[in-house]
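In the two complexes below, chain A is the common chain; its partner is chain B in one and chain C in the other.
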Partner chain A sequence: MAELDTRIDFYPTNEHQGLKYRRGRVLPFGATLVPNGVNFSIFSSAATSCTLVLFKKNAAVPFAEIPLPDEFRVGNVYAIIVFGLDYENIEYGYKMDGPYDPKNGYRFNKNIILSDPYAKAIGGRDVWRDVANLDRLYPFRSRLVFDDFDWEEDNPLETPMEDLIIYEIHVRGFTAHQSSGVRHRGTFAAIREKIPYLRDLGINGIELMPIYEFDEYEHSRENPETAELLVNYWGYSTLDFFAPKAGYAATGKYGMAVDELKTLIKELHRNGIEVILDVVFNHTAEGDHRGPTISFKGVDNKTYYMLTPDGYYFNFSGTGNTLNCNHPVVRSMVLDCLRYWASEYHIDGFRFDLASILGRAQDGSPLNNPPLLESLAHDPILAKCKLIAEAWDAGGLYQVGEFPAYGRWAEWNGKYRDAVRKFLKGDRNTVGQLSQCMQGSPEMYLQRGTTAGINFITCHDGFTLYDLFAYNSKHNEANGENNQDGNNENYSWNCGCEGETDDAEVNFLRHRQIKNALAILMLSQGVPMILMGDEMGRTQYGNNNTYCHDNELNWLNWELIEKNADIFAFARYIINFRNQHPILRNKEHYRNSDYKNSGYADITYHGTKAWYADWSEINTVFAFMLDGNHAKNGFVKDDTIYVAINMYWDALNFELPQLSKNRKWHVAINTAMPHPETFYHNNNEPVLNNQNNFIVGARSVIVLIGK
Partner chain B sequence: MSFLVKTEIFEKYTQLILEGALDSATAPQFSEEVRKIIPQKPQVLVLNVEKLDFMSSAGLRVLIFAKQKLGTTAMLFLVKPQEQLVETLKMTGLIFSVNIVDTYSE
Partner chain C sequence: MEVIIHTKNDIVYITIQGSVDSKTAGDLQARIMEKLADLNKIIMDFSSVDFLSSAGLRVLLMLYRQLNANGGKVLLVGVSDEICDIMSMTGFINFFELYNTIEEAENHFN
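Moving on to the complex of A and B:
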């Protein structure tokens, strides 16, 4: 401190309403604590004036408004340093004046107080579903944060992508249920208490559904049948891209969400678990011309949004507006944002919602060479971050297999999801596709390697894994939209009965199908992702679009671990099986050849007859063998593994390929067997008495280890 | 909110008694007291926080600052923290850096 007061910018040059200030520095954008004061910087391409508005925390009216002198402007950026502010107890915003000419994209209104697009914290909803308070002046307010944090030795883990096993979590839903047994349900702090569970399960990456500040009351309405309040539960509607949701923090009410989240990330890293954020750059919470003006619309509407020629909002997101991602200024903002999360929060990766929007030009047309996607792929700070695209949007683009990848972007492999679901329900003409899927989809990703695809059978959109085998069609009546919302193409099969049943046979089949699905997923090349709760048979009672439910429909019920003990034991086993067998985690695709001269090709295909795969239309069985000498593309040795999948309605005899060198087949997995004989742990796998044949039960999967 | 800090130096440890609310307005006061005792290199720092009603992010940072300045061999004790403080320490992860006790004497 002694040296700091010899700095020129330690001292004010101006005073207004009792507050001292001076010209600020244009970078970084947003509000930054500097010696003795706070530096505020904001850009707008068309504002004619800018006023900084200051509130005491939660006060009804501001205590000061400082018009930024034009001399403080550099180009389109206004910057000011204000001294003597009580960092923890103020809130700030801006009033911007400029043209109001909507047809040409200008919607300035000097009377609206705007939130800083770069605010690092937002006040106004410090507790989840607190009193709404939306009528007060400036409901969502920019706040300051302490950006220092003791990370100790922590760094992003840089886990090789091929070794990642991702678990998709909704922060609140993960522990909101009473059965979670945690101290502060539905929060970041609560996830910390569940770290031992996650470690034990075997996953090494969690993907957090949106944690940027959002308004849970947005579009809230009463369910006409139950009168329950339906809310914006999932959070795909961003208020601010730099602020973690205060209502997700147990210390949100004390203003410590930033520290709490960083502590969670530090602890996850300490336990070998990566953190991936689901980020929503395709639209904001401001809606279209009828929506509220909270920030971007009032600061620089024409820059931030894709506008039609007559000044309305393009709607490729299906939510009202579309962020103008390939505008150079917005590109910078997206880059700044991700760099901020990667460096300040040690985030390991990002999954981009409706990512195809990020490849559209300012007029909405798809770009061949989208500058934003290229920038993100090559950015030095993001260089080791996972970049995952949901490679479609709501405006007709579907780019799975073709997303502009620049050698870096991975994609949610929607084709994997559909192909595996169809195979599991016994559809015809699905074996060829299944084979491609389990090889890591070389038909799409051969040039890129297996890690270009995120394999999943379920995610937050759609049925849970349990419901996939309990419902033929969606039941979304509880959403209050007459069951018109949600996907109709679910490729699900209810195993003979729609919904909950006492029929033991149906339930046994359902549990078996869940295990089959998990087995296929974990035995596939590519990066697997499972949905929170699928490991314990979570059900949403057939609702495949639970975006608005803050209740038991979405909250993970931890008692399911006991209720569906066999599913949970199997899920834990198969995830750990994948971790133990590097042969399942290759970076490059199979070469279909014996490049290690072991006597067996890296992968060979079989069916009920060894060495002969039946690709015909009516076939519903598939088997393959992975030679242990070719693990990790030949760099390590593993056991030889044989997988046989029988989706026929009856048991079938599978002729086994012969092993060389005195090795014998041992059974590791047989989903036809009831728990606890469904699987055997490492080194306890029983040797097969019959080394030549195996009868694989109806609709089941076996895995044999050759050693 | 008001805040009081009193320093007592003993042979084998130094004690600071904190009362009231520790936030961004009052943290500099606490920080100044810590700065004064650091040159004596205390191996044990005891913070009596029985009457400390509230600690914010700013206050936490002074705790971290104290721990860092004391060095790795020194120990930091918190005597009778109120429940909210314990919770905050748990949720922000700082609880592992401090020892929580009911009393402290040589």
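Moving on to the complex of A and C:
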């Protein structure tokens, strides 16, 4: 240390209001702890001056404002090292002067204190739904964090994509309900307490809905019927891309959210569970020209936002503004951000909200070769991260099947969701599409392989799986928008009665349909994703857009495990069935040929007649057989699996394909049977008495094992 | 923050009073490091510590690393439930052994 202390840049050159400082280093951007002080660096393409504003934590007024001398600027970057700061207890921001000329894209206001676009933590929402202090000076304040977490031997898991089973979680919703039984409900620490549950369920990846700092009070209002406060619960509105949501940490009030989140990730990794973040780079919380100036707008409006020729905000996100993702500076920020999360937080993958926006040019037009998507795909630090696109945006771009992939990107397969839903409700002309879905959508992803598609039937956006079979249409009145919000195309079927009912027959059918859906999802090639709570029949009472509810509509009620014990048992079984059968997790598509000379092609298609699949419009049944010699594209041996799905309203007799060499069909799954005879565990599957035929019940799925 | 350090039978006893945060962490670290030159058994008494910030936790971790490299050990005594909870949620607790009383910690060393 003594030797290092001789460096001259460890000592101040200037003093202002009792604070000592010197010229800083322009890179990295943001605030960085350096010996004896803190280095602050910020970019603005058009600011004419920059002042660093320092607060004691939560103080009403700043304790110092240091105007940066012009010699501290290199190009368009201002940098300063301030010495002797109590770095745990300060908050900082900037005042930037420059032109106010909205028509030409400039919105500088030297009186507003701006948050650092590279802040690693934000103060102001340290405790979820604590007092909304929006009238205080500088409500969302940049803070410093330690970046020296002790990861020990931990690294991202790099689980092969084809082996991944994703479970989508809202951090608060997962454990906020009192039935969760955890110490600190609704937090990162609480997820850690639930790791045994996640392991037991059999999933090996969790996808966290937005955890970048956001303001839960943004656009908050009263529910007209109940007077309950409606909030920004989902959090798809980022205040800062580098800061974790402090209110999601039980230790947020102590400024330790970073350590708590890292501890969760480390522990998940120890248990073989990957962490994928749902990231929202399409817009920010600053809204349009009527929205607040928090950071980007005042730092460099013209760089960070896509602007119309007359200086208004393009709105491809449906939320007011659009981040200017293909501006070189913004591109760098996105890249810096993801690198930071991948390296500092050991994040395993990212799911990009409305990712098609990331492929739009600065004027909003879709690019053929979007530089941001290409950069991310080829980035050295992100090389092993999963990159998953929500391949559409609110501006009408829909790219499922054709998102610019560069050999890396996967997509939320929206077509899978719709096709499986339509088939499950017995729609006509759906068997061909279902077959595609269960093969991993080769029609769309022939070159990209099965893992280009994230298969899902439900996600946070839309009905839960239970509601898919309990409601014909959305019931969003509680959102206070006259049921105008949320998707109208749900492809759902209430099984004979809208909403909750005592009718045992309807309830039995609903439970069966949930099991059918879970079976289809887990028996499909590609990467399955389950919505939190679907494994225990979670309901949102028909609300398909619960973005604003911080209540039991969104909180997972853990008592459902008992109430819907049959659903839970089946979900757990079918997830583990997938894990036990490598044949369901191929990386490459089926070749429709017997390339292992086993006597059977890797996949064969059947119907009520063996070896004859009926693709006609009126058909509602589908059966297929996977030959065990072709598991993992022929590298591994598995059992032969036969799946028959009957979405006809009555039971049908299915003729079974014959097995070779003394092998016999065993029953693994029959969703027509009541619990607990719906499924049989590995090696306990009963042999079929009749090896030639099977009566598949109305709206049921059977799975047979040939061994 | 007040720190009292004394040595008895090859064990360094560190008693801390008050809060350990970024203001006091550097001082605490410096004072402990002085004593580490030839001793590697430490008992830290936290019964009078009301708050341990991120910086405070990091001093503990550095101490752990330093001692671990020399085959030594640091035992924590009298950690309040709240601090224990924070240490648990932020992962720091995994590096330490906690005891209710000085005697129990001494017994561990003996």
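Here is the rule we go by: the second predicted complex is superposed on the first by the 707 of 707 C-alpha atoms of A that agree within 3 Å, B and C clash if a C-alpha of one lies under 4 Å from a C-alpha of the other, contacts with A are read in each partner's own complex, and residues count from 1 in each chain.
Here is the rule we go by: contacts are C-beta pairs under 8 Å (C-beta built on N, C-alpha and C of every residue); 3 or more make two chains touch, one makes a residue touch a chain.
None of these values were measured; they are calculated from a predicted model.
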item	value
Partners on chain A (chain B, chain C) - clash or fit	clash
Partner chain(s) touched by A:256 [first = chain B, second = chain C, both, neither]	both
Touched partner set for A:87, first chain B, second chain C, both or neither	both
Chain B versus chain C as contact partner of A:98, first or second or both or neither	neither
Set of chain A residues, in rising order, touched by both chain B and chain C	86-89, 146, 148, 150, 183-184, 187, 189, 249-251, 254-256, 259-260, 263, 266-267
Complex contacts: residues of chain A adjacent to chain B	86-89, 146, 148, 150, 183-184, 187, 189, 249-251, 254-256, 258-260, 263, 266-267
Contacting residues of chain A [partner chain C, same complex]	86-89, 146, 148-150, 183-184, 187-189, 192, 249-251, 254-256, 259-260, 262-263, 266-267
Chain B - residues contacting chain A, complex	23-25, 56-58, 60-61, 64, 68, 87-88, 90-93
Chain C residues within the chain A interface of the complex	21-23, 53-55, 57-58, 61, 85-86, 88-92, 95
